[in-house]
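Got a structure here, written out as C-alpha cells. Questions coming.
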C-alpha cells in the first residue's frame, strides 16, 4: 500500500558511515533510503557572546541542501542572498534538539557546530540531519574525552528523530518523498535514547487530525527512534 | 503557585475589540492579559503565481513586533534588513494554521493577507496572533459574503491556538512571559472549533518530557481552545 | 471648500492618550483626525560610538507604518529587506527635530530612542510623529528627573510640527490625505513652543509657489503649532 | 569674516564645462569653488511602470560621491551594499526639483536620468548637482528638439539651487565646507529662473532660527539663484 | 622536496566516480588527492533572457564549499548573505571554461547548469571543478544524444584544468594545499583535449616571475592536462 | 585593418594628469584613448585586522564605473545593493597587482587604498586602472618619503598593465571597445618596469588559442608595458 512497499511501521534501510572527511572533528554520511546527509561537527574554543564567561558550552547547527539534491534544481541559497525560511526553521530545530541531550556544564566553555548538508533528498532530511548530527557530535566529543580536555561525558542521552504522518488515511512511519508530498498530516518526533520527548512538530496542510490519530503516530515514533538509537550506538561504538 | 496567581488550567482574561482600523477589510485588537496584538485582514484579487488560474484562493500571514513591545527595545527588523528566523517561523505557522480552516475552492481565486503586529508582548504572541488573525479573516470574509462575491462560506471551522507548558514541574495553560521564560518545556496547540488538531509544536530547552505529560498538556489545550473559540464567536456574531 | 469641511486655518481634532504600553519609559497614542501614531521612548545607558566619552546625550528616532495603516496594503519593510527612502528621510527628520529641543549636556551620556509607528494613516504622519514623539520623550525624561538621575531638565522647549500647503489655490493648515494627495505645494514646519523655527520643508510637485504664498503658509504654521504645544502641555502636565 | 574672505552675499566662482563625456546625451562638469560635480543626462525610450501608457515623460536623478571626494575617504556605497540615507534624500530632491521645471506632456513618454557624481566636495554638493543637472538635462532635451522627436520645448523654466545659512550669527550665501560644518542653521533653496520657489529645506542642528532670519535667507537665495541661472544660460546658449 | 614527496611534474592520484546522485542528469565525484568535488549537471529547457529566441544553448556553473571542507570551518555563504568575491570569480571561470568546449548551435536552446560543491579541500578546487564539471556535462549531453533531442554532439573537445606554480624556487605541477599556501607564484591552465588553450591565470603574490619560468609552467600544464583528459575519457567511455 | 587604423602593435595615445583632486594624497586622471580613469590614493594609519601588529603595510584597491561611463547607462552598483562579480574581480586584480611592486616592510604598518573610477569607458579599463593606480600610489608614497615617515622607498619597481588579444585572426596590442567586444581571445598582462611578470589573464570566449599565439601576445605585452612605464616615469618625475 505504501509506494515503497514497506509496512506501515517499517523504517527505510539506515546506513551510517563515519569519519568521511579528514578535517572535521567528527563526521558521518547518514543514509535513510535515498536521503543522504553529510554531517560534520566542528569544535571551537570560542562561544557566542551571550554565554561568554558563563562556563557553559554551546551546540549549534546549520543546514543546507546542495542545489541538485532534489528532483529539480533548487536555487543556491548563497546566490539568492539569504537562507530561506524553511532552512532557518530546520537548523534552529537541529540545534535545539541536539542541545537537549547535552550537559553544557560538563562540556565547558566551548562550541560545537554541527553542519548538515543534504547530498540527496528523498524526504525526512531534517530527521536524518538530527540523527546523523548526533553521531558527528558524539565523535567530536569522544576526541575531547580522549585528550582529557573534558572529563565527564557531556552527552547525557542519544538524540534521534523520525517523521510520521497520515498517508492514504493510515498512520505510517518514516515518510519518503512520494508519501511526504501527498500526506495531509505529517510531523517529526525528536526523542532521546531513553524514550523521553524533546520536540514534537505535527502539522496538517489542508486537513486536520484527531487526538486518537496523534496517539498512534506517537507509538510509531517510539518504535522508529528506538531503531535509530541502536544504529547510532553501533556506528559509534567501534 | 503561578506568578500571576492563576490556577494551573486557567487562561488569562481575553478581550477582543473589532473594527479598529478604517482601512482594513477585517481587523481586531486581541488582548490575552498583557499581550496585545493588532490583527488586520487585507483582501486582494491577485493570488500568488503558483496558484494563478487554479480557481483556488490563498490565505497568508505576516507577523511583526513593534520595537518597544518588549521589556527591552528590540532592533526594528526593517532596519536590520531582514526578518529574523523567529519571525519567519511564526508567520509561516500563522498562515498554515489559518489555511487549515479555509475551503479554498469556496474562497475563489483571491488572496487574504493577515497581518499580526504585536503592540505589547507578555508571552503567547503567536497564539494570540492566530486566534485574533482568524477574527480579522472572519470579518473580511463576511464582507465577501455580504457583497455576494462569494456564495458559500469558505470558513469551515474556527481556528484558535493556545500555549501550554511545564512550569515548576506542573502542566499549566496559557503561559505568560514570566512562565514562558523559565519553563523547560512548552509549546503551542492549534485546533479547530470542533476539536480537531491542526498543528502541535512541543519543544524542550535544556529538558525533556514524557508521553504522559504530553497527554496532560493536550487536555489543557482542549480546554483553552474551547474558551477561545467561544470568545471568537461572541466577537464576530454581532 | 476643503473635503473635510474645515476652515482654511482649522486643525483636525487632536487627541493624546499617554502611558499606553507598560514597557516603554514614555509612550502615547496621538490622533490627528484619522491619523493615529503610537509613540514610545526608550531610555538606554549606552550612546552611539561617535559621542562615547563626550558626556553628551543623544536622541534618535525610528519610524514605521503598519502594512495596513494605508488604504491599500503596503509591503512590510522588514520583508522587503530594507527601509525605503521615504522612511529613512522621515526618521532622520524626527530625530533632528527632537534634538533641537534638547540640552544634551543636561541629558548626560545616555540615549533616548523614540519609535513612531503609524497605526492608521490619513496624511501628516511625520508631523504627528514629531508632536507625539516629543510627548513620549517628555514622559521618559520626567522619569529621569523624578529618580534624580538627571538634575536639570534637558527639555528646553517643546517641539511640535504641522503641515501646510496650497490646496485648490488656497493656503490650508494641517492637510489630510485627500488634500495631501492633490496639493501641488505642501510642506512641514517644525517649531518650538516659543515660536522659533527648527526646520522647514516646503516642496512643490508639478507646480511652484511664490514668496508671498510662503509667508501665508508660515502664518498658518505658527497658529497650528501653537495649538499643538498647548495640547502637549495638557497631556503631560497631569 | 568668512573663512574664504567672501562678502556675506557673495557666491563662490562658478564654472561650467559642457560636453565632457562622449557617451551621454547631455553632460557637464560644474565647479562651485572647490565643489566639482560631473552631471550626465541619459535619454531612454522606456518609462517607469507607474506611468506606462500615460503619454507623460519622467525625469529622475541619482547622486553619488567618489570615495575620496571628501577630506577623509568615505566607504564606497556599492561596497557597503546600499545607498545611505543622505544619498537617498539628495537624489530624491534632485529629481523632484528638476521635474518642477519640466512639461511632462511636451516631453512625451520617455525618461531622462540625470546622474550627479561628486568628484570633489567642499560644501553645497546637492545644490551644485541641481544646477549642473539642469544643464545636462537642457543639453539632452536640445538633442530631442533638434532631431524633431519632441516639438515643443518641455523645459518651462531653468531650475537652480543655492544654500544659505547662519554662520557666526550672520546670514550668508553659498556655504563652503568650513562654514557648513559649523553653521547651526542652514538649508537649500531651489528656484526657477523666473523667481518662483520649488523647494525650501531649512534645518537647524543644535539651534533654532526666527521668522525674521528666514526672510533674510530668502533674500540671499534670490540673489544667488539669479546669478546661477545667468551662468546656466551662458553655458547652454552656445 | 615537495611535502608530498611527489616529483616536480607528478600529478596527485585522480579518481572519478560517476552517477553518484539519482536526480542529476549527469554527476561525478572527482578526487585529486585529498581534494574532493561533487559535480552535477542539470538540464533545463529554459535559457537566460539574453539568448531567448536565438536558438543557441547555454552552459553555466556554480561553485560552493561545504563549511567544513577546509581545515578550519568557513562561514556558510548562504548565512553570510552573499557569495564572496573568490566564489564569484571561480564560478565565472568554470562556466567560461566549459563553454569554450561547447558548440552552442548544436546544443540548441537549452541550458545546462554545472554545480561544483567542494566536499573536502586540499588545493586546486577550481581545477578539479572544471575537470569534474566537464564529466558531468558529458554525461548529461549523452542523455540528450541518446534520446534524440540533440543530433550532433555539442561537445567539441574535452576541457580540463590543472594548477602549476613555483614552489621553493622550482616549477611544480598540481599544487596541493601546503604548496599552494606558500607558493609565491601560481596559476591555472585550462586547456582542451587537443592541446589548445582556453584560459591562463598566472598570478604572483609578493613575488614576480620571468617569461622563461612562464614557459616551463606551460610545459608542465600540457603534461597534466593530457593525463586528466585521459582520465575523463576513461570515466565516460563506459 | 583595426577599426581605429592603428598598427597591430600600436598603443592608443596615453595622457596622464596628476594632482587632480585636492583631498587625496596622490591622484591622477589617466587617459588611454577614450578610456578615462580617475585614480586616487588614500593614506591611512590603520591596517586590516589580519596584519595588525605585524609591522607590515597593506595596499588595496577599489574599482567603480560611473553609470554613464558606458555607451548605454549601467545601473549604479550602490543602488543595485552590491558590487557585481566583474567589479569584484577587477578590484581584487588591481590590489594584487599593485602589492606585487611594494616592499611591505619598508611601507610600515599603514594602508594605502587606491580608488579607480571610470569616467569614460572604451575598453581596457582595468589595465588603465592599474597603470594609473600605480601613479597615485607613487605620489602618495612620495609624501611619506618627503615627510620622513618612511625612510626606504617601498615601491620596488613600477607596475603597469596592458591588454592584448586576437582580433580578426591577428594578435593586437591595447584593444579598444570595438575590438574588445568582438575578439574571441583577449587578456591582460601585468608587469613590472624591469620586465618581470606579475599576472597573466588570458581568456577565450567561444574560441581557443595556441601556445604559439600566446608567445606572440606576450611579445606585444612587453612592448606595451615598456611604453606605459616610460609614461609613468615622465608623469611622476616632475
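Note that the chains take the letters A, B, C, D, E and F in the order they are written out, and that residue 1 is the start of every chain.
In the analysis below, a contact is a pair of C-beta atoms (placed from the backbone, for glycine too) under 8 Å apart; a residue touches a chain by one contact, two chains touch by 3 or more.
The structure presented is a predicted model; accordingly, all values stated were derived computationally and were not measured.
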Subject >> Lowest number of touching-chain links that must be crossed from chain C to chain F >> reply: 2
Subject >> Over-half contact-pair match to D-F, picked out of the listed pairs A-B, A-E or E-F >> reply: A-E
Original post:
How many Å are there between the centre of chain C and the centre of chain D, using C-alpha atoms for each centre?
Top reply: 28
Original post:
How many Å are there between the centre of chain C and the centre of chain E, using C-alpha atoms for each centre?
Top reply: 59
Original post:
If you average the CA atoms of chain A and of chain F, how far apart do the two points sit, in angstrom?
Top reply: 51
**OP:** Let me have the rounded angstrom distance from the C-alpha centre of chain B over to the C-alpha centre of chain C, please.
**Re:** 33
**OP:** Quick one: which residues in chain E touch 2 or more of the other chains?
**Re:** 82
Original post:
In what order do you meet the chains if you trace the ring from chain E in the direction of chain F?
Top reply: E, F, D, C, B, A
Subject >> Of chain A, residues touching chain E in the complex >> reply: 21-24, 27, 34, 38, 40, 42, 44, 62, 64, 66-71, 73, 76-83, 87, 113, 115, 117, 119-120
**OP:** Spell out the part of chain C that touches chain D in their complex, as residue ranges.
**Re:** 82, 85, 88-89, 92, 96, 99-100, 104, 187, 192, 196-211, 214, 218, 222
